[in-house]
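Should a chain be cited, it is by its letter among A, B, C, D, E and F, assigned in written order, with residues numbered from 1 in that chain.
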Amino acid sequence: MFEVVAEVKKDYIANLLENGKRADERGFDDYRPIVVEKGVSNRAEGSALVKIGKTQVLIGVKLAIGEPFPDMPNSGVLTTNAELIPLASPDFEKGPPDEDTIEIARVVDRGIRESQCIDLDKLCIVAGEKVWIIFVDIHVLDYDGNLFDASALGAVAALLDTCMPKVEEDMVIYGEKTTERLPILHKPVETTFAKINKSIVVDPSLDEELVMDARLTVATDENGTICAMQKGGSGTFTQEEILEIIKRGTRKGSELRKFLE
Amino acid sequence: MFEVVAEVKKDYIANLLENGKRADERGFDDYRPIVVEKGVSNRAEGSALVKIGKTQVLIGVKLAIGEPFPDMPNSGVLTTNAELIPLASPDFEKGPPDEDTIEIARVVDRGIRESQCIDLDKLCIVAGEKVWIIFVDIHVLDYDGNLFDASALGAVAALLDTCMPKVEEDMVIYGEKTTERLPILHKPVETTFAKINKSIVVDPSLDEELVMDARLTVATDENGTICAMQKGGSGTFTQEEILEIIKRGTRKGSELRKFLE
Amino acid sequence: MFEVVAEVKKDYIANLLENGKRADERGFDDYRPIVVEKGVSNRAEGSALVKIGKTQVLIGVKLAIGEPFPDMPNSGVLTTNAELIPLASPDFEKGPPDEDTIEIARVVDRGIRESQCIDLDKLCIVAGEKVWIIFVDIHVLDYDGNLFDASALGAVAALLDTCMPKVEEDMVIYGEKTTERLPILHKPVETTFAKINKSIVVDPSLDEELVMDARLTVATDENGTICAMQKGGSGTFTQEEILEIIKRGTRKGSELRKFLE
Amino acid sequence: MKVGEPEKFIVKGKRLDGRKLDELREIKIEAGILKRADGSAYVEWGGNKVMAACYGPREVHPRHLARSDKAILRCTYNMAPFSVSDRKRPGPDRRSREISKVTREALEPVVFTNLFPRTAIDVFIEVLQANAGTRCTGIAAASVALADAGIPMRDLVPSCAAGKVGGEIVLDLFDVEDNFGEADLPVAMIPRKNEITLLQMDGNLTQEEFEKALKLAMEGCIKVYELQKEALRRKYGGA
Amino acid sequence: MKVGEPEKFIVKGKRLDGRKLDELREIKIEAGILKRADGSAYVEWGGNKVMAACYGPREVHPRHLARSDKAILRCTYNMAPFSVSDRKRPGPDRRSREISKVTREALEPVVFTNLFPRTAIDVFIEVLQANAGTRCTGIAAASVALADAGIPMRDLVPSCAAGKVGGEIVLDLFDVEDNFGEADLPVAMIPRKNEITLLQMDGNLTQEEFEKALKLAMEGCIKVYELQKEALRRKYGGA
Amino acid sequence: MKVGEPEKFIVKGKRLDGRKLDELREIKIEAGILKRADGSAYVEWGGNKVMAACYGPREVHPRHLARSDKAILRCTYNMAPFSVSDRKRPGPDRRSREISKVTREALEPVVFTNLFPRTAIDVFIEVLQANAGTRCTGIAAASVALADAGIPMRDLVPSCAAGKVGGEIVLDLFDVEDNFGEADLPVAMIPRKNEITLLQMDGNLTQEEFEKALKLAMEGCIKVYELQKEALRRKYGGA
């Protein structure tokens, strides 16, 4: 039964696409309406709420003082975590993060890390002993498709929103924020494309995600450099499709980046 | 089926109560026979076995040296934990503590903490660095109703029984206890009332707990000060019922406190 | 159904044994062919692959610098762990170690520890502060019976294969091994016997393990000293059987020990 | 003594945040703010920001938890890692599990669970920004979310705390008062029946103080109740 | 060398606690001490205090563990956090899980599990105070609890350890002997059949020493067996 | 800067391990090396040693995971604790769970899962010695193990990475290149259809560099594909 319904739905969506149309009437390269709101949770050192269509993701940045990794004694530490809480979808379950949750956190993390978004070397306090630890927490509130792009966009927005907290005798005074910002060098964004039969569309809606064959996420920085990619789903891509997605993704990335200003 | 039996049982107990009688012939304000035995487990720094009727709870106190909380650098640390081990009831299951277990531990903890039962400031060894950690472990052995009162009574009895262990070079020598006692300032006790239809009785037996609508636990110290309360169950209380329970609970509390002498 | 098949299988194997024969034509005191290969995983400080028949177990030894136990401030620390990964058998499941896995790790650990195989006192770096931690990891690759003997043999082989890594400023430089060996004092081996009805055979195959009543493992060192024993299974042994197994086990142990040279 | 304790809590009849003793913090309630949930609500209450969602009645997993005579009500209270000063590790801790339990017991008396045997009604409460009183904020949000989901209920359940600071009984503690005050008494109730469904207390109160605080908390609940109804009216029109 | 090791274990034929080499510590066994359990027992054995309870035969959860040809016997050995010098974190560790396993294998041979297909018989052992020999104390308590629950058995299972300290084979080690001694050999047996159901050993023994220790442990078992029967007689009267 | 970074990655057209830019490390593949598994393979690839096993089609536990229209494919990528420099704690971490997921998605397109409804096909990949490229090594091993188990497939799935070090696009990074290089691009593909089933990237590449790296990785896959087929031919004879 379940599978039959899915099959019918896929046929419907795929047929529309073959005729150049999406179920919600967007163009193949159109995002749904995007809203980025910073400073939404004042206990966090930085935060941002991102809406892409009905999808809502809240990202908070917390800072703490801790030890560096032994092989990077002069660098701050970035930790990215996602929670797909059951408030956000009937399909999300309680409990430790599942593989989808882990994948989102890791792909967002790679986009930030590989683009050198944050100048981690500036976050060393005492070499080999004390550095800033940055926690980026992705809290999904309403899941209506394309969590990758919303989470990645919100993470950078929240990092840009972040003010360093006051420090006294190596203790963080959380109540009092300074005006000092995090050292941000680059603004990576991620753009995700879904392949449904032969069609490839940006910013898949929930309905499109449920029937897509495969997914490709491309992270680019403001210079057009590709800094991370991730294919998902049980379908395949041809070489040509991948190169095409990279071109379209770089273009859409520039548009998304405007929401970070 | 299950539900029908429960319904019949409730009717029976509730009818009795409406006629002023309890199934085990106690008065509404009568506890079952209480026994408090101290010093029952000699590896613990302090211990007490409490029996209320057939309910048996063993509480052990262990002391260790550890770090204080950053916001309380001059205070010892109290940690209260409960285990509803499957030995004690066919309904208790193996595994991490469930919500009932956590509730008992937290309500006992609040009674001790809020009454300032222990003078935690006296348990500082080196400010900000080393303080005594007090572990109160509630080990339920036979569950026949009213674990809250038995656990709370036993916890204070075990704290009163506790002797500080010998310390050499900041290492605890567990084999050798000193004659020094824990600094105890107050003796809180908890009294629990069950509401079954319109009747309210103290010290609910297992049968009464299984059919009760709601539960109210009141912790009071020797001055009659209320230091913690907790309502449980899916029923409700009126304002008047609550005020009445507080009066009755304060009175019964004085009786219970005699078992701590 | 399941039980009937098992019963028939047991009858078949037991009948053979009563006539002095094993299903795979070995003598009662014969091991299957044994292969011990050292140095098989170069990220480990020491490693060994042991095959007993089709059973394959890979053991790796890792060294790290850590804190000693408070009651043994001058001794290195030995940690033995086993993983019965689902790659090795259709009956092994993912997840935390089950009781069989724990038993193997603990019995191998006891054999090494009680025989004083490793001179742990030589592994102290700074008394009470820094010592070598030895991790012995038993990784079962193909389970065809008698994991105890294969694991114990491989553990000692891997310890013998171990070279100390280079250390600079109390940091282990894992890429560079020195030629210094672990201080090995004794070479314990374990020999396991299965009891099937009245017959007792060494090195049970998988089929024999599945129908055996009880199991007895004997660890001996090169002097014939017994350093660990473990009975398993829901059957029983008579006093005479146990003494006989010890004699046979000590003899077989000398044979096994040759694979350590 | 704890670090950061203020010298005085009340100066000339005003509290540290400028409120009178019996004054609530500012409260904003919005119903129906999530697409996927069957019902939802968002509450800003002073420095608290809390979202609640309701799913159900729906199938119960695992099955053996289902009841043949009624729906089971399940509540989960959770704090976002960044909702508090020291980052909270994700996942339930003992405090949040206790609050989940008392929240369920606060809501259960009003839900007609007997109408939906063998199903589950799930309530999820997410604290996005915390400033004392999150359990009351969560209960207030949750009962609006239940109503928004169309779950039949006897009444809404408003919730509010009273407490004691600087020797005075006050309404609705904020964080400094909560951390350093003398008592906290969170309450939830069924306004139409004037019955109490949540009652916890910690601190030090005489019987008279307790009586006064309980009365004050119940009055606070009635004010919250009006805001809850207003939020639903804004969304659905009519009463 | 370990901290706290004594210079001598045996002085003039007496051990550090005054016992002779082949002398048991004092043992008290009581049957039927819990209300809720189907069967129970309490054993004080030197400095050990152990409680055991038996539930069953009862339904098996989860179902797929049930066997169509017999009851499954499940044993859980647990230490109270305060039963040892350094507080033990609650929950099973590797040691307790191994002991649970060997305890089950020690008891299983005497239980007529085939009489109760598709059910579970659960045994819970709680160590309330520990002083070497808790697994033997637990097995001794558990088999009395099984009998108290009316579970049909071939025999009781007594248990006792022998070991080597100061060069001598001794019966029933207490904590100092256990921590610093040369070998420990816990044994459990079926007295009527003279068969061994538990056998573990660690330390260093020659074959001759082992033989002597095994014999001594079995003699200890027989003494424990008498005390077990006496406890049941005290409760139930008759033999 | 990370500790241990080399000054130069490429000297006179040669990499630090002596390879040319487009040269693979040495690869040895063996099929059918385990008794208990339905299919298995062992791959040595430079400093990587990886074993893969396949079980199935077999019953699904827990049952509710089964699908009525096809077999479910499950992949588990695991590292032995001693396979890396700093001992890895046993059990899955976030990295291994992500790799398990992308491995499944890399293999699923070639498996005729629709032939075995209501069953599971399980693939286990064990890294015994790691030296960059373990996920590609694992996928290469896993598809040989699937074939060895007789699971019907459209094709084998070879896998190989390209990357950028010292400003140059190179094939098949080893550990120093992986740790300190500029980009890594692991790829898996279906040679007969020339389609890509795994694609991940991290680092910094221009579009032109990416295009070149992708092409190089796909050429690497084809070489691996030949070795996979050869290994199966060695075991089964014929093509």
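Just so it is clear, contacts are C-beta pairs under 8 Å (C-beta built on N, C-alpha and C of every residue); 3 or more make two chains touch, one makes a residue touch a chain.
It should be emphasised that the depicted structure is a prediction, and the values quoted were computed from it without experimental measurement.
**Q** Chains shared as neighbours by chain A and chain E?
**A** The shared contacts of chain A and chain E amount to nothing, since no chain touches both.
**Q** Taking each chain's centre as the mean position of its Cα atoms, how many Å separate chain B from chain C?
**A** Inter-chain centre distance comes to 48 Å.
**Q** Measuring from the mean C-alpha position of chain C to the mean C-alpha position of chain F, what distance in angstrom results?
**A** 32
**Q** Report, in whole Å, the distance between the mean C-alpha point of chain B and the mean C-alpha point of chain F.
**A** 57
**Q** With centres defined as the mean C-alpha position, give me the chain C-chain E separation in Å.
**A** Each chain's C-alpha centroid was found; their separation is 26 Å.
**Q** Going by the contact rule already set, what residues in chain A reach two or more other chains?
**A** Answer for chain A, listing residues that touch two or more other chains: 70, 97.
**Q** Quick one: which residues in chain F touch 2 or more of the other chains?
**A** none
**Q** Examine which chains touch each other and state the graph shape they make (line, ring, star, complete, other).
**A** The chain contacts form a single closed ring, each chain touching exactly two others.
**Q** So that chain C leads and chain E is second, what is the order of every chain round the ring?
**A** Cycle of chains, anchored at chain C and oriented toward chain E: C, E, B, D, A, F.
**Q** Inside the complex, what are the residues of chain C that reach chain F?
**A** Result: residues 40-44, 47, 54, 56, 58, 60-62, 64, 81, 83, 85-90, 94, 96-97, 135, 137, 139, 141-144, 174-175 of chain C touch chain F.
**Q** Taking the complex as given, what residues does chain C use to touch chain E?
**A** It is residues 3, 70-74, 97, 99-100, 102-103, 105-106, 110, 113-115, 216, 224-239, 242-243, 246-247, 250 of chain C that touch chain E.
**Q** What residues on chain F touch chain A, complex-wise?
**A** Touch list, chain F to chain A: 1-4, 67-69, 94-95, 97-98, 100-102, 104-105, 108-109, 185, 190, 193-207, 210-211, 214-215, 218.
**Q** Of all residues in chain E, which touch chain B in the complex?
**A** Listed in rising order, the residues of chain E that touch chain B are 34-37, 47, 49, 51-53, 55, 58, 76, 78, 80-87, 90-91, 122, 124-126, 128-131.
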